[in-house]
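Presented sequentially are two complexes of chain A, the first with chain B as partner and the second with chain C.
And now, the complex of A and B:
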């Protein structure tokens, strides 16, 4: 079975530009990529939040209220609901004075079982090194 | 020969990223490689037909037509990104395809190299 690993790197602030939203929507679209591939082929995405990008993971987005658009929080929860691997850089979380309690770590409220992981950058680097393709770097 | 997949996300006007991506595609095709170009976000502007060339802006309609004619280049716009910007199917340049984002991921699957150009 041929599986290719894609690493989606999110390093932009939410809402300021479209990059983090595009990274999330492209990563989520991995769930339907099989329609273009041969039997046994698939892709395995990992979403890595680094630098300013970790601020996408702060709980309590009110994008619908203020901008009238879906929130990045909902996209992250959708990714977790679909069992996508979500890694958040610990050093950058610490840099912003955040804690896991302030971050979107799960999607239990919509029935998700997979949890996001706050990990040292070295672990994110390993994920990037093992990826076949880097996207949204 | 190899396959190159290029994902572009910057607008046609206001950035030279698409200009670079098209020139890179031309160079790759001339070397015998095939190129898939995916435009998403503001880069879907590239798929708009009826672009008028001004010296002040990057004008890419003609080079794209030449690339399409080689048969070794295909370009696809994110349908949702285009529709959100008012670029409808009828507004799309001849040769340009429109698909959902999974098309890009599938193109990456069979690519020898993937380049991501312009992240805004």
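And now, the complex of A and C:
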């Protein structure tokens, strides 16, 4: 049984450039490759927000209202809805003085059960170490 | 001169802001520049806000990123697109974008 682990690392701020959106859409779309795989093969993505990237996780994006585009908040919720692992760096959350209450931690409003996790960077490093492929955005 | 400056980045442009001089200086925070008004990195406000200037932040860009007028530094005035047009035409002779 072969499982390929992918780590998508979001370190950029949202909207001005497409980096964080691309990380999210690639992570979400990685779930569709199953149809091309043999029995027993699979991919296991993890999305990690570090540095300025943690600011993508601030709740309450109104990008659809103002820009007419799907918000990064919706992408994060879609990832949680698909049970993707979402890790947010605790040190960077603390650096910006954010609380878990101000972050997108779940997708309950669209029926998701998986929750995002605020974890120390050491845990994110472990995810990077165990990944077969790293994608920094 | 009366100079209006659009600042659309969070990690670049601060060095330029530091050196700019104008009789009247207005700094309009747009795009990712809104984090200068909203983020409290390491517990402190952005160093950009220590400049002698009038600061504005575009509410549409602020709200798109999950912040509201209630979250921002008290030195910054919240403006919308219409207000920015008025600033350009009525308050500043020259406009630059950094």
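One rule holds for everything that comes next: the second predicted complex is superposed on the first by the 136 of 137 C-alpha atoms of A that agree within 3 Å, B and C clash if a C-alpha of one lies under 4 Å from a C-alpha of the other, contacts with A are read in each partner's own complex, and residues count from 1 in each chain.
Everything below uses one rule, namely that a contact is a pair of C-beta atoms (placed from the backbone, for glycine too) under 8 Å apart; a residue touches a chain by one contact, two chains touch by 3 or more.
Just so we're clear, the structure is a prediction, and the values are computed from it rather than from any experiment.
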Putting chain B and chain C onto chain A via the overlay, clash or fit? fit
So, does A:135 touch the first partner chain B, the second partner chain C, both, or neither? first
Using the superposition on chain A described above, determine whether A:59 touches chain B (first), chain C (second), both, or neither. second
Answer with first, second, both or neither: which of chain B and chain C does A:67 touch in the superposed model? second
Looking at A:91 after the superposition, I want to know if it touches chain B, chain C, both of them or none. Which is it: first, second, both, neither? neither
Should A:106 be classified as contacting the first partner (chain B), the second (chain C), both, or neither? neither
Quick test of understanding: once the structures are aligned on A, what is the angle at the Cα centre of chain A formed with chain B and chain C, as a multiple of 10 degrees? 90
So, A:22: does it touch chain B (first), chain C (second), both, or neither? first
Just to be sure I read the superposition right, which of the two partners does A:14 touch: chain B = first, chain C = second, or both, or neither? second
Aligned on chain A, what is the least Cα gap between chain B and chain C? Give it in whole Å. 14
With the touch criterion stated at the top, can you tell me which chain A residues are shared between the chain B interface and the chain C interface? none
Hey, which residues of chain B end up touching chain A in the complex? 7, 9, 40-42, 100-106, 108-109, 111, 114, 116, 119-120
So in the complex, the part of chain A that touches chain C is made up of which residues? 13-16, 52, 55, 58-63, 65-67, 71, 73, 95-97
For a test of understanding, state which residues of chain A touch chain B in their complex under the given definition. 4, 6, 12, 17-19, 22, 25-26, 29-33, 35-37, 41, 43, 133-137
Once bound in the complex, which stretches of chain C touch chain A? 8-11, 31-32, 35, 39-43, 60-61, 63-68
